[in-house]
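Both of the next two complexes hold chain A, though its partner changes from chain B to chain C.
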Partner chain A sequence: MTATAIAGIAELPQGRMPGVTPMALHDRLARMAIADAGLRVQDVDAVITLSPRSDPYLIHAAALAEFMGIAPPVALTVEGGGAAPAVMVDMARMMIGGGRANTVLIVSADMPLSVVSRGSYIQTLADAGPVHPDIERPFGPTVPALFGICTRAYMHEFGATEADLAAASLHDRANALDHPNAHMRKPLDMAGYLASPMIADPLRMLDCTPVSDGGAAVVVTSLERARDLRHKPAKVLGAGFAMNQLHLSAATSLTASCAGTASDRALAQAGLQHADIDIGLVYDCFTIALLINLEDLGFAPKGQAGAALRSGLFDRAGRIPINPHGGLLSHGYPGRAAGIGNLIEAVVQLRGDAGARQVKDPQVTLTHGMGGVFATHGVLLLGRS
Partner chain B sequence: MYSAPRNGREATPHWQAARQGILRLPFNSVTGAPAWPPSSAPTNDGGTIEWRDCPTGGTIVSFSIVRRPVQPEWQDKAPYVVALIDLDAGIRMLSNIVDCDPETVAIGARVQCQFVETTDPELGLPVFRLEG
Partner chain C sequence: MSYTKPLPAIDNWNRPFWDATREQRLVAQACEPCGTVFFPPGPVCPHCLSAKLSWKQLSGRGTVESWVVFHQVYYKGFADEMPYNVAMIRLDEGARMLSNVVVPNDSLHADMRVEVVFAPATEELSIPKFRPLTPGEG
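On to the complex of A and B.
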């Protein structure tokens, strides 16, 4: 396969973005990422987007191309849940490898806070998100309740406590304090965590992500071409995917998933070992997701992610830094676009541009995304070329 | 009153039976495997979906207490319990634990099915209460 790389990136501060339309946000991110790569808008010959909940179109990517005044041969809008960033980059790889495109623009953004309203966005998720519309929805399960069910099962199985959940929340918040684009930048301690109200026992408000306007864009091209562009390329080393089911009612386990299978597939494709990973960007729409995903991705034994977080193992100066940008829990959760921030941080860290949150000399990053309630997983390995 | 599930779906026979006070669930006629959530019956072994009337007992696998409802019809119902239940019939089902203090619900507790009406007069739903 033709080696590919991420040559351009763009991200804006996550949070409330009043006075901007979702399409203008996509356009701005796209132009920033193309300029970051040192390319021109006219160079783009494929656009891949997600359909923002705040601004749906028949073919969103084609609407964006039209808005930008370009007519690339390929304009695709895909659905991949939280695993979408890995899906989109892998699609770009195949397009470039197959000769279909040279310069693939990926834009993933949404404005659930300013355009849709937080409340109606959350209702949309409960109506048509990971909740089965026929056999689950009549009983009023919220998304936090579905993750709450997994949390209680996890506590019951492993003897975990709210201290383990808090460890995830506090870890991400501490990291976000150093990120100018992070949505949640107020210092948080255990007392603050415990003071946050129960949303869906045993999950508190601070076990859930905020709802953010935001997102990001990346430009993918061949590694050969990327070497002549502005930044040190972030080479795509491998991608891997796995799924068990979509709905929680069909899950064979409430406390483990196939994230590790996706990771193993990506490592095999890259010809790497788990020990080669220098930074993990792990999908954490809830604290319980960080705990279970850390374990299933091989960063901690089952039931011990909370203890590992408290030990400092995953701090930026620790042996395997996790979510140095603050994760979804504190960097932000831009609706349909959630997870693209993990990909951006991987590239920023590989470039050595992370400033106060820079991890020392990373060579390989693992970016993990998850769709549904531990349902689908996508893993992308990036490295210095 | 519960909002009716969408009619004309794979699970409609289940909801119609619930309205009559029967827990009727789908299985593969050849393998006996549960078809829940609704799924296709692989035809290479001649299997079809077979609806069976099932015993009404089950065990709580896990649960959450919803404090912040999001759907309009649930706004004044909090706190309420959403649980996964392993039915004695071999099917895992998401439903509510009703008529109890949510704080008394526990993993492993035995539950019995009862039926509630919905806004569609032809369709009911199974909910559960703690045994004893």
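On to the complex of A and C.
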């Protein structure tokens, strides 16, 4: 397959964006990413977007292309939940490899805070998220309730405590303090964590992500072409995907999932070993997601992610830095676009442009995304070319 | 007073389940070749993909695998019951089922043995909830 690379990226501060429409946000991110690559808007011959919850469209990507004044041969909008960033980059890769496109623009943004409202966004997740409408919804669960059920099962099975959940929350917050685009930038300590109210006991508010306006854009092109552009290319080394169910009632386990299968597939495709990974960007819509995903992705033994977090193993100066940007928990959760921040951080770190949060000399990054309640997983490996 | 909690969207796959609740019976699809009992209802067995399925009357007994106590009002119908629990029940026949346990929240515990009880909802269906079994009841 033709080697591909991420040549351009764009991200704005995550949080509240009053006075901006979702389409204008997409347009702005798109132009920033294209300019970052050193390309022109008319070079784009494929646009891939997610359907923003805050701006429902039939073929959102075509609406964006029209708004930008371009008519690329390919304009498509995909649904991939939190695994979407890996899905979209892999699609771009196949389009470029197959000769369908040369310059693929991916824009993933949403405005659940300013346009939809936080409350109604969470309501929508309850109504049309991974909650089964027929046999789960009548009992009043919501997405935090389903993750809370996984949390209590995890605590029961492994003897984990709220200190382990707190370790995830504090880890991400400490990293976000150094990120100008992060949504949650107030220092947090254990007392602050414990003071946060219960939402879905055992999950507190600070075990859940904030709801953010935001997102990002990336430009994918062939590695050969990317080498002539503005930045050091972030080469796509491999991608892997896995799923086992959508609804938690149908899950084989409440405390483990197939993230590792996705990761193994990506590593096999890249011809790499787990030990080659220098930074992990691990999807963490809740603290429990960070713990379980870290374990299933092979970064910690089962039941020990909390202890590993406390040990400093995953700090930016640790042996395997995890979520140096603050993860979804503190960098932000831009609705449908959640997870794109992990991809952006991988590229920024590989370029060496992360400033105060720069990890020393990373060669290979693992970006993980998860859809539903541990339902679907996408892993993307990027590297210095 | 009308029922204000979320009601299921009834379709051809789940209709036998909800019809049975009207008669205070808990049923699930069972695979004839491999015996798997499963939710959510669907056209094939998730274990062996056989379409030879039948609706089976369950014992109505199970074990609390996990639960949350929910403190936010996202469904108005639950507002009077705050905070309410949502539990994952492992039924004795093997399937997992989300439900509510009719018990004070602080008395919930892992591996609690429970039995189905039916809360009236509409003329068409009841909501299957669970109550604790006392030791000796199973």
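Note that the second predicted complex is superposed on the first by the 385 of 385 C-alpha atoms of A that agree within 3 Å, B and C clash if a C-alpha of one lies under 4 Å from a C-alpha of the other, contacts with A are read in each partner's own complex, and residues count from 1 in each chain.
The criterion applied here is as follows: a residue touches a chain if its C-beta (ideal position, glycine included) is under 8 Å from a C-beta of that chain, and two chains touch if they have at least 3 such contacts.
Keep in mind that what you see is a predicted model, and the values were worked out from it rather than measured.
On the superposed chain A, the two partners chain B and chain C do not both fit; they clash.
In the superposition on chain A, A:98 contacts neither chain B nor chain C.
Applying the stated contact rule after C-alpha superposition, one finds that A:312 touches neither chain B nor chain C.
Within the superposed three-chain model, A:301 lies out of touch with both chain B and chain C [touch as defined at top].
By the touch criterion defined above, A:141 lies against chain B and chain C together after alignment on the C-alpha atoms of chain A.
By the touch criterion stated above, A:355 is placed in contact with neither chain B nor chain C. Comparing which residues of chain A touch chain B with which touch chain C, the overlap comprises 122-123, 126, 132-142, 144-145, 148-153, 156, 197-203, 247-250, 254. For chain C in complex with chain A, the residues that touch the partner chain are 5-11, 13-14, 17, 38-41, 46, 65-72, 74-75, 77-78, 83-84, 86-88, 95-100, 110, 121, 127. Residue ranges of chain A in contact with chain B, taken from their complex: 119, 122-123, 125-127, 132-142, 144-146, 148-153, 156, 197-203, 247-250, 254. If you check the complex, the residues on chain A that touch chain C are 122-123, 126, 132-142, 144-145, 148-153, 156, 197-203, 245, 247-251, 254.
Interface residues of chain B, counted against chain A in their complex, comprise 2-6, 9-11, 36-38, 61-74, 77, 80, 82-84, 92-96, 102, 107, 118, 125, 127.
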